[in-house]
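Next come two complexes built around chain A: one with chain B, the other with chain C.
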Partner chain A sequence: MTYETPVATAPAAARAVTPPTRKEGGVLSKRRGAVATVIMAVLALLWLFPLVWALINSFREYEYTQVNGYLSFGGWTTSNYEQAWSQGNFGLHMKNSLLITIPAVLLTLWLSSMVAFVLARFSYRFNLALLGVFLAANLLPPQALLIPVFRMFREIPLPYFMSDSGSMLNSFWALILVNTAFQMGFCTFVLSNYMKTLPYEIYESAELDGASVWRQYWQLTMPLVRPALAALATLQVTWVYNEFFWATVLIQQGDKLPVTSALNNLRGQFFTDTNLVAAGSIIVALPVLVVFFALQKQFVSGLTLGSTKG
Partner chain B sequence: MTHLDEAPRSEKTEKAVAPAQGREKKLPGRDRLTVIVMVAVPLVLVVLLVWVPALLSVALSFGKWNGFGDLDTIEWVGFQNYQDIFTIYPAFWPAVQHNLIWLGFLFLLPTVLGMLLAVVLDREMRGSRFYQTAFYMPVVLSLALIGFIWQLFYSRDQGLINQVFHSEVDWYGDPDINLWAVLVATAWRHTGYIMLIYLAGLKGVDASLREAAAVDGANEVKTFFQVIFPVMRPINMVVIVIVVIESLRAFDLVWVINKGRNGLEVIGALVAQNVIGEATRYGFGSALAVIMMLISSIFITIYLRTVFREERQR
Partner chain C sequence: MSRPPSTAIPRSTMVTSAATRRSVLRGIGLSGLAVGGASLLAACGGDSGGPATGSGATVKFGINEAEGAGAAHDRLAAIAQAYAKESGTKVDLNAVDHNTFQESINTYLQGTPDDVFTWFAGFRMSQFAENGLITDLSDQWPIDGLNDSFKQASTASDGKQYFVPISYYPWAVFYRKSVFEKNGWAPPSSNDEFMALMDDMQGKGVTPFAFGDKDGWPAMGTFDILNMRLNGFDFHMSLMAGDEAWDGDEVKGVFDTWRKLLPYHQADPLGRTWQEAATSMGKGECGMYLLGTFVVDALGENGEDLDFFTFPELDSSIGSDALDAPIDGFCVASAGKNQDAGKAMAKWLGSAAAADAGNNAADAPFIAANSGASTSTYSDLQKKSAEVVGAAANIAQFMDRDTNADFANTVMIPSIQEFLKNPDDIDGVTASIQEQANSIFG
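The block that comes next holds the complex of A and B.
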């Protein structure tokens, strides 16, 4: 599931970002409440367990766990991280991920906000069809496009200062563009719904002031949709960082792989040492977990943007 | 792109289609150019990288091509590829079966569980935030990473499961069980995702509806099925589409484990195998891709119709 399917039904984007104050689904009776709490607590701990287990074992010596088994306690060390970091070449792969993710997210937000603006600001006959073109692209299985895209990129030459592979294949440019093309649908949809909640009068007065369409977009609309942009940016950073399929098939030079796809090779390397796998997992998870905890609200509102009926 | 100039120009169409916001006048030339560029640049990108390749996949599926020579080295064979897939390609039917198991499993366990969690957590409950965080934390992780993490449980020699039960099962390697091992790992992530969607959907359920039901003496279960569930209908529709498409796209997990072989064949992995595997069979791979595309297009249509119906109602 490289590309998260967009969740988008009846949108009330503006309200989704600042959650509506409303009564929750009522208070449970005392006994039922207690039962529900116990079940929830057990399930929640069960859900946290894999990550906690990875975290614990990432700090344990391989020799210790080999002798005493994993159900023991002790053998603490940080050497797994040092070893995983250097052996997995994480510094390089993290840099690759960064060089792909940041431009892809910025480009996606910029391009989709332009389409969204046109969709929200004007009501052309083709609006719905246009939205459909972007949204459906978001849902197509990427495998269905693999062969032509792969072959096309092999044919497109790039100057060497852009990619040392000399073609779009094995270049970051390819991944940036493909990710952007796929993610635009969701962002366009969310942003245009958000923009539709802005009062139309602001455009009328802007027009009276003689503001061009571009200024209405860049200087009037964009600042107003900042909450939605922030939510989408959070979401997109995690999605593009997590993208696996395209990076796996379009990048064949191991040193150019972003982190998520590099896991494929690491599995063979770390195969014999589970503690190393644990440390590697935590390293790869850390950036998205940091984003998640720092911007949890943005993340959740981004995912659910447009899926509440207000 | 010609429509772009025409649409706002003719008054008739403007009146006919103009909904609430159709108040724009004819734009001055420079602004019209701006609008065209604003739409055209993203459109070109999505058409070139998604829609043109989609059509090319369909075309290629009728040929035989190793992908190395020029386009004129393609040998056109009609429906031969499809026929081969359905009759002699050994991996195809197992893959279909696995995708269907994937779909059924996702529906029966994580989807239902996610919905129930959402219904419970929607209540005023102490620690609701904490529980929600716990359930959707795996959602931010990639499936490739999840396959990696679960190796800590599934590894034959060092995995937790075998250590606890003193068993010697190769959970990822044994073709009879590895699919189920993978599905459990998927469920870990999928449940939180579905929960999140329903939580958002439940916010739309009017609290007074529920109170009215409670006053009428309806119990929890009854309230759920008679009041809440019907209100969530559009969400249910979207969830169905999501689950189907996710199951069809299944790729990352199986690829990171064994490149989709040995009990983990899924259609998505077969396509990739035919392109970046040992043998490059572009026509054959394209035919597989087209099969995926056809199945997904049914559900994409359902999805778009649901979305656009909501859109028009606004």
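The block that comes next holds the complex of A and C.
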């Protein structure tokens, strides 16, 4: 990603100085360009193959593929999708995922932007150490924290109107908190780096005009970091939505599971209709794809803006 | 997750909630949390859970089949409904899919479990009993219609019952009736007939045994039956309990017999799921398949063209009267809120009425454990299964239920797969199993 911007501007500068020894294609010569294209095409195919394979077979009947093998052609149907939706009870579980993902992403962005603001704009002695701690926590695998978090949540009482188990277990609160905690490190890191690139003069003039710290954060910094926030929001929605591990550990009630865990509803005790599971997986993957394509522009501009300092 | 049995939930919860109480009290003076503290305390306090049965009582019922999972879920849901209707108790159903339920059972039981939940007989139940995670149900036994062998299967190592069985299914050698008829084959009754049958099949270009072990567990069934045929049921059970040597001559003998039988099995089993293996038996490419009755599910038919026989004897001094027939049923969680309601429901679940309620409501019935249950909805396969299991002298629960779950999943699955990959290194495989068994069974 980081090399994209210089690439776009390089040809003009190169052409002006040296005679036009190479044509379109940026820093790559024609031959190298061809090689790179082939390599990228092969890699893209390798990536896409399993996805396309799943997509194709999600439209085929299990009975047909089981008898004729997956290399055959035929047995087309859309019933897998209907069955996956109803058997997996995806309507309910999509709603659960929504109830977990949206608050978690908003909370993460809000909290981490505040931390990042302080880390980027004020110099305390422990700034770097604090950022380091936030990042270090990010490196801990969640599996290592499974038992402590589980036991902690078991002992934290919640009133019954918030959680019908009477504790953090089995409630969306637990998942929202856990996801927020695990995503904050990364978001703080990205946002504080981004905020450091904002010109310091803006803050000086704001200060002269009498803007409080809160106002500098909310009315000055937040609008300026919007591209970064949008990029992070895209990423976070994907990550939190796809999160599977904590949901299976902390939620024990079938009707509270998010949609990723509910994908298991399509498997029986012994028997698994793989075509049905493929259809279910594609349904589950759709919202992420939609978010990604809708916010793609923000995503790319957000990342590149952050990478070229100042 | 290894925790000493003494830290069972209720006690530790009591200890820690006492600690919070103290620290909250300390906090009140500092931060004026008096109101919040009071409500926290109220939430900490144990609630009695209300009456056991009748109107006003609620029992939470956790089942290991998700909604939409077909007959398996419909049966349990119907049973819950029947209980609610008969006793007047409100039943809160919590349906989680089978694999998720099983994989998260440890956090489930230590977290906020339902009062009654579906589980398996055997070592896995016994393990929870030892750790104090499930409730002693011996005051609910005996239950009308459940004979001694079921009572035995519901008993943990301390001699008390912790389990109420509802259904079971046998593992046996399945075959297509039409294929056997066309070729003039008959179920073998002795080892010689068995070998002759397999040779004849190979002569006609049919692989005798369908075989797939990509999933890891199906080959355990083969190990179980060979061990029971060669070393007997008692040895098998104490081997599963970790009391016999895995690198001894007995186990080596099992693997050696298996190695000799492997040429009669489909090649490259590690690349084949049991469903694919079942399909090749269904299509007639393979003559037989050693599996549970769920083999029907993979064939997409009702099993009219299927029949089975129990694995023939390999050693005449041991015979062939033992088999795998996993029993499903219910336990009451110690951490459940309403213990009395849970116990009352568990007892009812063992009754013939519960089994009938389930079987009458679903497309496919299970084989009821209760001898008083109606068999009118059974298919031919199930009628025969009930007969065969009834005639068996000894019933095992299948390896992954008869032994420590960690041992079955993390040691036996890869070890058996290693053996199937390289059948000649029996000494290496058994030595490695024994080494790992030492660290697990202690």
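Simple rule for what comes next: the second predicted complex is superposed on the first by the 242 of 310 C-alpha atoms of A that agree within 3 Å, B and C clash if a C-alpha of one lies under 4 Å from a C-alpha of the other, contacts with A are read in each partner's own complex, and residues count from 1 in each chain.
Throughout what follows, contacts are C-beta pairs under 8 Å (C-beta built on N, C-alpha and C of every residue); 3 or more make two chains touch, one makes a residue touch a chain.
All of these numbers come straight from a predicted model, not from anything done at the bench.
Q: One more residue to check, A:A44. First (chain B), second (chain C), both or neither?
A: A:A44 sits against chain B, while chain C stays out of touch.
Q: Could you look at A:A206 and tell me whether it touches chain B, chain C, both or neither (first, second, both, neither)?
A: The answer is neither, since A:A206 touches no partner chain.
Q: Touching A:T248, do we find chain B (first), chain C (second), both, or neither?
A: After superposition on chain A, A:T248 lies in contact with both partners, chain B and chain C.
Q: For the overlaid complexes, name the partner, chain B or chain C, with more touching residues on chain A.
A: Of chain B and chain C, B contacts more residues of chain A.
Q: Tell me which partner A:F150 touches in the superposition: chain B (first), chain C (second), both or neither.
A: It touches chain B and chain C both.
Q: Now for A:L99: first (chain B), second (chain C), both, or neither, which partner does it touch?
A: Touch status of A:L99: no partner.
Q: Is A:L55 in contact with chain B, with chain C, with both, or with neither (first, second, both, neither)?
A: In the superposed model, A:L55 contacts neither chain B nor chain C.
Q: Quick check for you: in the superposed arrangement, does A:L224 touch first (chain B), second (chain C), both or neither?
A: Touch partners of A:L224: none, neither chain B nor chain C.
Q: Regarding the shared-chain residue A:N264, is it in contact with chain B (first), chain C (second), both, or neither?
A: After superposition on chain A, A:N264 lies in contact with both partners, chain B and chain C.
Q: With both complexes overlaid on chain A, does A:Q87 touch chain B (first), chain C (second), both or neither?
A: In the superposition, A:Q87 touches chain C alone.
Q: Touching chain B in one complex and chain C in the other: list those residues of chain A.
A: 147, 150, 248-249, 252, 261, 264, 267
Q: Applying the document's contact rule, which stretches of chain A touch chain B when the two form their complex?
A: 1-5, 7-11, 16, 19-20, 22-28, 32-33, 36-37, 39-41, 43-45, 47-48, 50-51, 53-54, 57, 65, 69-71, 111-112, 114-115, 117-118, 120-126, 128, 130, 132-137, 139-152, 177-178, 180-182, 184-185, 188-189, 196, 200, 204, 212-214, 217, 238, 241-245, 248-249, 252, 260-261, 263-264, 266-267, 273-274, 277-278, 280-281, 284-285, 288-289, 291-292, 296, 299-300, 303-304, 307-310
Q: What part of chain A is in contact with chain C in the complex they form?
A: Against chain C, chain A makes touches at 62-63, 66-67, 86-89, 147, 150, 154-155, 157-160, 165-167, 169-170, 248-249, 252-255, 257, 261-262, 264-265, 267-272.
Q: Using the touch definition from the top, list the residues of chain C that touch chain A in their complex.
A: On the chain C side, the touching residues are 1, 13, 16-17, 20, 39-40, 43-44, 62, 64-70, 72, 94-100, 103-104, 107-108, 110-113, 274-276, 279, 283, 292, 294, 297-298, 300.
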